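Both of the next two complexes hold chain A, though its partner changes from chain B to chain C.
== the complex of A and B ==
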């Protein structure tokens, strides 16, 4: 990894998290999936959380299990993503003329987001996530309504899905399946933030993830059962393949698909299940976006009512010149140039 | 609470022949769909049968995000030369209703300053750096700037400050006069109609 010269860096080999001695009678329980194979975990999604951005959203999958008493190491993992959209804003001075909106998506894990501390500079997996997200959003945004402009979608992952399960302090290693759930969450959060920013979209895009889980051996071949919304900590070591889709429900279109692993004969079922997961997520997305818009409409109406009553007072006097209103004195004195 | 139903992107708004596309909507197949989330407005024209009704969606926060051809804008002059005046668009709308998050560069060419006698107009005599102008966007322009024009009665310099730092007020359609100072006049393309412009937006920039 390139050295980051702007900060005081930790040791290049990484730092190990503290290993706590376990209380003798507390055994760390392995988390298991208690929900049905086609059931999604509960989501939390809210828009409009960053007032200074054009649009924003916060997406969270809360932890499923209770924290065990007697153990200091957190046993459960959750997913927390925050997304801000900046735009449409003018392109930089030396950029070429573009009749469409120039979309750029950036994803970054916070250094404290995963069990193994991440760096401050974006690494290859984050750039890869950004590329997948951009592919998903490109199919949804109506770019020709915003000429000569750019739009930046910035996602920060505050708490990432653990790849495996750290039993009481041992090193977490996994098959890299956590990043698929993260991508699905990123797609949904970015969609909510884009709609909050008022950027024209063809539809609400939702991200869904499904996996093929090892179920047993049958006549020399490994059987797999397809599950929706896999939490890698619950399926440690059992996932054979996983698929993420970005799905537009009203058009029944998939704008982005990423499949990892060997699904064997179940490729089509895997994609169908991922699409089903995306449809389930879309219900939450639609409700969150609607709440956000209703709050904004209510605010706009309140402001209009207040401004209306203020305007009426001024209109009574016949405006005979710009110099009449006293507050303009302050404006002209204070305006710097 | 608004009585108009709120539509979400991708929501079906009706069949194509009886409705036409308005702001915030798009056509897919032969149906109208919403592009943004907001309240739906349907305007039916007066003879109801022949012309289709226009379905549009307004953004809850701002009507426009970017200026289009024909939008009135407010901005501050940043630079002048013999042929054009550069200004930064700070707000959209004739009273600055929508304040932009980032100023957009724009140009007023010498031939677009006035409607009549355009060969006799001088840029230096019409604008000075720091003047606040109201203009209308006439073209998207190139990658660097929009093109704007002040060749209408209600367009032109709205606010100006004299060299001594005093406020200047318009005294005719083409002159500003310093208030309180030595009464020095400065020519400038000012508003023909005196209006109270809501310039709170400019104060924030």
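== the complex of A and C ==
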């Protein structure tokens, strides 16, 4: 029998996806938003997690209070994003001359990232996210400083925000609001990774999301209330519009804005709230970047100390441009103060 | 509060300053200290008169710098102390700029003053409403004077937070309304005039230090402190109340930092700390290697029971170990070799460079040879010489057939083929003449080798061509032989005497052959057949010829025979035949050959000399280069002139200078481990290209290569009159065009000088001549040389 030896083949009988049994007596409860409308979820960000990449970052919104349902399926969605930056590196020889840094951003959901499994090939929504991210980053990277170079920003979403709430094992249906939060996370993570890679940026860029939530009818008109950082599983079916911004806080610039849905009269408020969310995230981003730089400087110092007193300044030379005093100041000048 | 790049406080520089300054202060001598004690109160008193205060240290510094000149020190301190208008001391930027910065500066200069971008300016300090800025490229100070739009009172400095200044200012090209840049007059720092370097240096340092201290707090703790810098509260009014304390973090430094609100006024509000604790997954993913985690990683190695030393580079490197081991083994092989012969000594450098693939067995060849020779049959190589068509090849064919070296079947085959070509009588010659052309023409072109053995001895036949055109080949063959078989056609004696019989005799002597067996051939074709008279007349004709050439009587044997019929070659004639007279007084050819072999008795007399030759470095002239077999694609044949060779030896081929390894070697078509001087052997070489091998080249021991020279001195016996003239020079197989460049002297038999610089050399003279060559030729001292010109042998001799 002829068999395909070139690929890793699945078992001949096929596999069945795991079906999680629901505990009969514990009915899964739909998560509710317990935080204030202008409160952002806590998040975790760290740089330098991939040693082989020029720069990398890990971004996470841990699940909030975990219900004790006895189910294995998390009831609340969380967000886990890794970002690696490869570059700046020379363009291939056959590439045309480019006076600027050629930036490319790829976003890929891991197949297990969401309740509805994703394919291995990037689908339309992932490509869309990549395009959005690229726009956001283009405005922040100083491309003229890296002629004839390319830089790849690769984001892998390990755990994507759900679009809605699937009551334990059922199909999740939603309005596609989850990817808004994902994009915001991608922007923040990419910014941290870019700094980690030592690519010159005009500022730190942070992503923020805000949404208009349905709040009843008043006088024949649908009334909405703007909430920061909506988790779609908490606002199942309530979100009317959402907006993502990529925001440079110290310059008060928005490099990327993506609005979805009908915000009605509240467009301005929605954007402002998204910007507010971004500036909240920014604080975490700046801290993470500083921590990352400090860790690297510490490492370099340790190395220099180990190398011995004969070669002073070796540690300094060993670390890439960003730790040089000037660049460091350069970077920190633009951190909020 | 700074918003632009501050490049000045380079940590190195600051450290340096502090160090040097400290050293300076400590080097005050006892005398200096006395001076300080005496003069400091004086200076202080003077300063107090004008209402100024100064610390002891400042006064001491001033005194030190002005070399105890109280007046100058006071003036300096006064100047230093007097309140000055707002002014910044500048420091030269010392950090090398990146290419990008330089490029950006250049473009910024093109933009003009208003376009001076903040990115490229290294702002030194901010004070009040003025930014003093040093343009790195130009070197002068640019002062940004800002009309304060928010403050109504013109001209009075207002303390506007820089955040407001730069609100809405894009990254490049600040708008006109924000202010404009005016080049300010260069600001000079107070300096000492004309002091010695001793004075100038500390002053300069102090100036720097003052400037540093004045501008802002010490940033001596380097990069990490400059990290903290922007978050440090400097202007309390814009710094909001402390924010909620973050969750405890692992780095203690980060605890004192708090995120600051953005400049945007709309968002100026208290911010919650959004930093979350990482989940277990994130902790695993982002954990930096700590000493706690490392042993866990090591445990896998422990599982594998592979020990890892503390410092992997402590011991010698793997390469080093190998080299050491190699060196040790080299030493081991060298020691036993040391008591062996010189010829076997391996050159350590050459073996290292090109390690032969074949391992040398390291045999002690001379000893083995001495042991074996007692058991061995005597062996000899003989060259068959004589005029063309006197039946040399046929006689040898007959000999080979009769001793059984060639089967009758082969001869029958040759017979059939030869009769088809109408040359039935050449069938036996075809045993020796293997090439198609030789067979077709019935003439031997190149000498052929054949081995055969009798119960008494081993022989190598070298069948030389008789034709005059192939004399060079004959010389090559003869040079390999121990003795000669001169074949003379009894019926065509005259042609031989005029032709190559004579020359071959001379050449045989010239190449150093001592014994000759004269086979008087074709006696069966004489009229009457097997006439004893004819045989004796030929014998009397040949004898003087040999005698004049220098062959001793006892070294000459005459054998009547017939090659074609095979009479008296191996088998004596039947008593009934007309040749029955032969066995009574003559041996058969084979018997004669066996008896002519340099006898063991004779060898013993020259045993010492033979042993000497064994110990000499290897010399072997290549007679033939050929493809031995598929396994041995490159083989050479030749007679070893001196020394020994064994499998695995590294040999050098001269004049190409290439090295080769002896992969295998054959003696008399049998594989052997070694070969010694005098043997005709075939070497199968490896590690060399065929293009470096030519017949006539010399194979020599790689550590004792033979000299390649373009001229040499030769002691010759002159056969034809010689002038300084072009000649063909034959060294065994090698024949090269050369030129007698100088007739050095004529000598007598004992080698004493008769005449210096003769004009001409006549036949029969002994002379020393200088021979030059167009190309480098491998020359062995003592080698026999034959000089030929215009197709005749003109002289022969030895190399000196």
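We take it that the second predicted complex is superposed on the first by the 281 of 337 C-alpha atoms of A that agree within 3 Å, B and C clash if a C-alpha of one lies under 4 Å from a C-alpha of the other, contacts with A are read in each partner's own complex, and residues count from 1 in each chain.
In the analysis below, a residue touches a chain if its C-beta (ideal position, glycine included) is under 8 Å from a C-beta of that chain, and two chains touch if they have at least 3 such contacts.
Keep in mind that this is a model prediction, so the values were computed, not measured.
Novice: Looking at A:54 after the superposition, I want to know if it touches chain B, chain C, both of them or none. Which is it: first, second, both, neither?
Specialist: The answer is first: A:54 touches chain B but not chain C.
Novice: So, A:195: does it touch chain B (first), chain C (second), both, or neither?
Specialist: A:195 contacts chain B only, not chain C.
Novice: Between chain B (first) and chain C (second), which, if any, makes contact with A:149: first, second, both or neither?
Specialist: In the superposition, A:149 contacts chain B only.
Novice: Touching A:62, do we find chain B (first), chain C (second), both, or neither?
Specialist: second
Novice: Identify the partner contact of A:290: answer first if only chain B is touched, second if only chain C is, both if each is, neither if none is.
Specialist: both
Novice: In the superposed arrangement, does A:106 touch chain B (first), chain C (second), both or neither?
Specialist: A:106 contacts neither chain B nor chain C.
Novice: Between chain B (first) and chain C (second), which does A:122 come into contact with in this model arrangement: first, second, both, or neither?
Specialist: neither
Novice: In the superposed arrangement, does A:249 touch chain B (first), chain C (second), both or neither?
Specialist: A:249 sits against chain B and chain C alike.
Novice: Could you look at A:89 and tell me whether it touches chain B, chain C, both or neither (first, second, both, neither)?
Specialist: After superposing on A, A:89 lies in contact with chain B but is clear of chain C.
Novice: Share the list of chain A residues that count as touching for chain B in one structure and for chain C in the other.
Specialist: 145, 200, 202, 249-251, 286, 290, 293-294, 297, 321, 323-325, 328-330, 332-333, 335, 337
Novice: State the interface residues of chain B toward chain A in the complex, per the touch definition above.
Specialist: It is residues 1-2, 6, 8-12, 24, 26, 28, 33, 35-39, 59-62, 65-66, 76, 101-102, 104-105, 129-130, 132, 140, 142-144, 158-159, 161, 165, 167, 169-170, 179, 191, 194-197, 199, 202-203 of chain B that touch chain A.
Novice: Where on chain A is chain B touching in the complex?
Specialist: Per the touch definition, chain A meets chain B at residues 54, 88-91, 93, 95-98, 142, 145-149, 195-196, 198-204, 248-251, 286, 289-290, 292-294, 296-301, 314, 319-325, 328-335, 337.
Novice: Which residues of chain A touch chain C in the complex?
Specialist: 39-46, 48-49, 58, 60-63, 78, 80, 82, 145, 200, 202, 249-252, 272, 275-276, 279-284, 286-287, 290-291, 293-295, 297, 313, 321, 323-326, 328-330, 332-333, 335-337
Novice: Residues of chain C touching chain A in their complex?
Specialist: Listed in rising order, the residues of chain C that touch chain A are 1-7, 9-12, 95, 98, 100, 168, 170-171, 222-224, 226-227, 229-231, 251, 253-254, 257, 259-264, 266-267, 271-279, 281-282, 285-286, 288.
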